[in-house]
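Contents: one structure, followed by commentary.
For reference, chains read A, B, C, D, E and F in written order, and residue numbers begin at 1 within each chain.
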């Protein structure tokens, strides 16, 4: 059982039931989620001691967010209570050629306005094995960028392995600002996860021609970029999930990775989508779990892909699947036959 | 912003939730809809001044029908209140090889028993740009057929462009009666919309062999019929949507049209169906919008097909999509990727 | 109208709504079902006098189970009230590569602890035309195995045709115990239904290589086994449904059968699954109906396959479809077009 | 176990969930009910062979109505299938000073347009012990009035005891027409149930001053009327429930009765209302049960009051309570303590 | 039909279903509401031309807020679209001694950050009869206070009658700031509505001893304050609703008013509460309606009290009752008897 | 922050929504609860380190029970996984004079079949401050009685204060067996909680005349019994909640207690009931909290009563209220006014 720390925002997710559109819905389904929180839940599900670090207001909505993490075994000891509000995102699920829609209402959240001094990072990273963050955390605000670097410095002081999911969010910052902040933070990172859009927007790398809407994936371009990234930042591993959007209802899902020697392309899953939000987070968590368990890199990658393929069939941001369920799929049984 | 008038019935739709069958359901989802009301909502969504003309009882069910239209911006000033009841249709959604079922309980509704004198059509068509009706309206009753012709005469007095959706309903009248009434009304029509079944049952035209259950579409037959129709009735445009029913869950969807010179076949969409009721109405509304906006005919047709393809992913009779959403699909992005 | 008797357990089914997982659900959908009860409901739907024989506790949960059968026209006159509890099964519906899960909590149910003397089988089989049971009934307990044989003896005393669905349940007994009990009971059976796993686990027959997870069906192996079974037990017909699990969302569905002379393979349906529980039971009921109505064997088989293909689109254990709906599908219309 | 026959209409009841108003509701709760059907369900719950006689269309809504009766053990053998529609009533539940609202949409229902010749009343009343109808049945249409008298004549031919619930419905007929029809039918009646409004509107009797909105009940007036009624029509018993409407949420509930000798006023219950529709029907059924079981008249009256007090706490038209539950309340325990 | 303008914020209201607490709820019921929007809806329900003026973002949540107003007939022509977010309030309904809870998340909403120049107040108040605002609007932000005074100046330029509901919100501003802003705005006001807490916090008046938690109302103190207020600000009428909180489930509800000559205390209603949010707004709207219709002041007051008593039985912020329903209650029938 | 241990069963609670009866419900609301688990949740809510000790099966239902505890901050480290099933109780909520109903289906649960050796009680009670159990735990089975005594011995070895809630359950054991087991266990108990029925059935004490259905409470009798109990078993405190069941909807709620010197009767609350299950557990937890915090005995008692009064307004077994909410009520504000 490893101690893993993730740092970021957990939001209130308000989603319309089933396929209802925003303008016709009389109720919202309520869950809580966010990149790093989602990673923490997956790792708790796999049996690790996962700690999610954030700030949430001292009201019942903040408490409900805390409870949602505790429910799935995430440690919430390092969550600071204060500030004004829980960030929100509204979600409408698409179908067929109608895309899903996300409306963010996250400005001024407690974590976006938190100060590095709210957290005792030396206490937090004591005996920790892994630290994971995403490009969303430093994008929340200037203070959040400072806080993220503070956390990274502390992690390194405690010899903690660091992974990042680049996760570019155009509503939060410009590519210029992203490059400025993130290029600096990369010095602390061991494992870098991010797709081609992230690599370009966040770090300025540009692969060969890939057109995400056509499902035309140019693996060669990925390899080229991964080599550049490794060379520039000294990552140990560079990894990307690969999504082929046939429609809002059906996707292809695989991943590729580079360990400095070999370039891998995983098994590909064709998925009938139930809920694709958090797919990337569950992939990151799966790979981290594989590496923490000492799997070889290729196997860790496959664990990540299988875990995140399953996520697409699970409602909510959190990937509520067990290690056993991922292993069963890894062994090749994707037939979906009833388990009695 | 154009003034558009539609005339017809708006019904209470009682549908079983999800895939429940009638005999097992303990609740009904409630929306309101009907061919011409659906067209009005689409046009209001696209920014037009859409007026729906009908008669509804002076009780809360009638009021709820009015409210459902106002909610989406349709003008209800010309809706007369009186009569006995709101017409009803029960809907059970099919899946795979199990078809959807519609049970009508619409006899004796306020609009079916309305009199032409209930409406001041000269007031209604003042400054109007377009009048749309369907073959359902005159089929409701003998009085409704008279009222429809009154409306058409007034529309023509005010130089309003007229479109019809032939929409044959075998529960409402016989092909003989339909032909008698509709052949007469065609003299007022500029734009005629209707599939092969409509053309045959309502107007007596018969295309070459087309077998709707096999998905085998004979475009040649359509062109032949369209030429006959244009010749006989002097329509400006003849248009039909083309549905290929692979199953209750998946359909192919396109359209063809003739403008007296050229015969067009639109782009075809393969659709995972959420709710296909109102698909044809959203197609008619899309084409009308295209023509009102001055698009060229082929583009208006494509707008109609894209809009109605999206309708199949929207719950309820109303096509709750915006002009922008249709345009995005028209530009080719059917990948359904999340829009953040 | 025939009198048909089925004997077995009806359970409370607690299923998570939609695609929710057990660990996230705040409510369960409630229906009642079980192999032999499901067969009885199908036969009542087709217009027969179906009697379900079982034991249920004298409390409201037991009453609700009785009511669920009465609602669909099954006669409950022979259901004895007493004992401790209604058996339960929990159901989580899968999607894509995530399988459905069933958790049984059926031990100590009233019927599992019932005694043969609870039932007056001579009264029950008076004027009966058919008796159906499955391999689940004698597996419930040792007393249930005795009771099942008592029922079979009585059925034979009254010249009732007997069918069995082998239905091996590994949570209820071992293959060894299953073989011991079931091999003895086969002497009373006229029509034997069961797939390859059942044939092997329950009766010890082993077909050639068939790999259910790959969807690779070896019909030849089936024919071989069917011949062995007929030879050993003297069945009049041997029948099996054939499921190809592409995923939890999509299956192929057909059946094969042997009448001592010819080996048949039915039409195959590709199904988008709504609820696959009870698929096998609806197949058995369809075949029984076909034989009771005097259809020829091949037609009875096709009725069974069509009926059970439709079941996969119906929520709950019970196959809520009418004879007419099955006949329409049999006539070839699987297009799922709306029926108005 | 007695054979009881009731004749009337069963409607689809569409009610808004909880306290929602018609104009804000997006779904309707679905149950089926109607005066005589409700009486039949209560009597089936008490263990009798209750037969409900009516006509329902050959569609799934008609079938669902049949199923709702079978579910609670009512025999539906004499329900004729045919005609156009199931009658509907819309229900909005009130609270505090906001009254509940009922909107009827029952014209042209199958039973309203049924013919006496649709039913074989001699078969229906063979071996019957009791026939119950209400003033609603003959009010449905002129044909229904004729049919009701046919039924009454047959009942008398078979020496069946007859009860009526006067149940005046001002939307169905005028007091003049009601008096004309009902005064004639009273010759067949043994037990007459009806409150002061019914007595006045239906039979023309007028009690002393009673003001239902003030909760001011003049028992003396009732006694006076009962004596007049008994004298004129020769009833064996005259009975009325007594409702004190404190508000839509709280009512007082009792009954009074006259057996030609004594005038009784029952125990009074103060009720927090869950669903008051069907309260009068459950009272009638309780009294009938008491008389059928041979209770003395006063006890039968108390059974009816207790049963119907409980009805006010049960959702839907049907009084889903058992004989034991009524007896427990009769014994005096109205404390509502948890029963474990 | 009068033209009425209200100006303020409409928020997204997220409430837990039934009696669920925030920390246990998996879904929120969604309606939209806010003081001045609620007043507009009531006035539209009574048949007036009500215009709600505000600013809402150009996204689907903003659109849904607009649609909620259109649905009930409020004119939305003057709603400006832009800015960042729709303000939110979370609502948990109390019961018995557990109070309801409101958590506001309204900072940075589009209207709070709107500029007076966003609105063309001369256009807005052209031909207007009445302008209503509350103390919440100027409290939203400094810009909002400026905007409110601009609106008031324009209203006066157009000879529009002005009413205010003082509505002190301690989360939005301090009593000091409230007094500073509001005392200035009072010069434009004709009709002043507000309870004792408002009078003190907003305008600095202090009545005699009244203890709201004890239900002990000192009418004398009110009269005293009203006289002071009228003297200082020259109001035509001063009005206050009077709530006696027996518990979260039951309240007493009445009002008092002063017209410079007489002091009135209205009829008092004892209410079983369904949803008390918006009670004060519905009272204000009722009084405004009464005055607009030319009722005498005492009758206008009684209309307001009856209307708002009914509001407490209606879910959501909006008072979905008609003029007829209020009149029925005014005539004295609070018995809640079913209306058929 | 104190360490508190509770030992017992947590069950799956399946309750019908709202006021639905078992025989009409199509879904069950799902929560988890049980006497000692409920106490643990309350104490975690008040900020303590509460540990719930039990055994649950290694399936998803068992996991969901664990998650329900973690969600509210209860430590689940000592929950052993294994055995066959999660115990169940079905709940139907009563109204007015219709009582709530509980149907237990808890035999053969994992904890009922657990062995004392499943738990390391010395580890569990290390550094513990308090141990609470109820009379239900030893009643589950003979092994459970042994296990309970093992736990009590270990608690005493570690100088842990012990409280018991007598909680007699007639479905689990006879008064004779209860007396035999419980009289022995009382030697370990410091604080004894239990009403008159418990005192009689479990310990054989009989107070003077008290009739729970009449709401007639004889405090004198309680004092008499408490003195006897203290004398016989040497308790430090004896405590009882006092329920007056006016109806299933309304109860009076208070408590009395004896500390060897004085006999106290607490403030009494009149409660409109939302969910009364777990009322007694929340009372026990409130008193324990008071004592742990060092409040004087009378204040601890009042805290317990106020906390449990609030519980009656909270859905589910768990008392989801905070210390602050209880304190606010204790300070006297039971007015239920909205908290903004």
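Definition applied: a residue touches a chain if its C-beta (ideal position, glycine included) is under 8 Å from a C-beta of that chain, and two chains touch if they have at least 3 such contacts.
If you want to know which protein each chain is, UniProt gives these names: A, B, C, D, E, F = Sugar kinase.
Computed from a predicted model, the values in this text were never measured in an experiment.
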item	value
Reference interface A-F: repeating pair among B-E, B-C or A-E with over half of contacts shared	B-E
Distance between chain centroids, defined by C-alpha means - chain B, chain F (Å)	62
Separation of chain C from chain F, taking each centre as the mean of its C-alpha atoms, in whole Å	44
Mean-CA-position distance for chain D and chain A (Å)	62
Multi-chain contact sites of chain A, meaning residues that touch two or more partners	18, 21, 23, 26, 67, 72, 101
Listing of all chain pairs that touch each other, if any do	A-B, A-C, A-E, A-F, B-C, B-D, B-E, C-D, C-F, D-E, D-F, E-F
In the complex, chain C residues that touch chain F	14, 17, 21-23, 25-31, 59-61, 63-64, 67, 84-86, 88, 90, 92, 101, 103, 105, 107-108
Of all residues in chain D, those that touch chain F in their complex	18, 72, 269, 271-275, 309-310, 312-316, 320-321, 325, 329, 332-340
Residues of chain A defined as touching chain F within the complex	67-68, 70-73
Residues on chain B engaged by chain C in the complex (per definition of touch)	18-21, 23-24, 94-102, 104, 169-171, 212-215, 245-250, 276-277
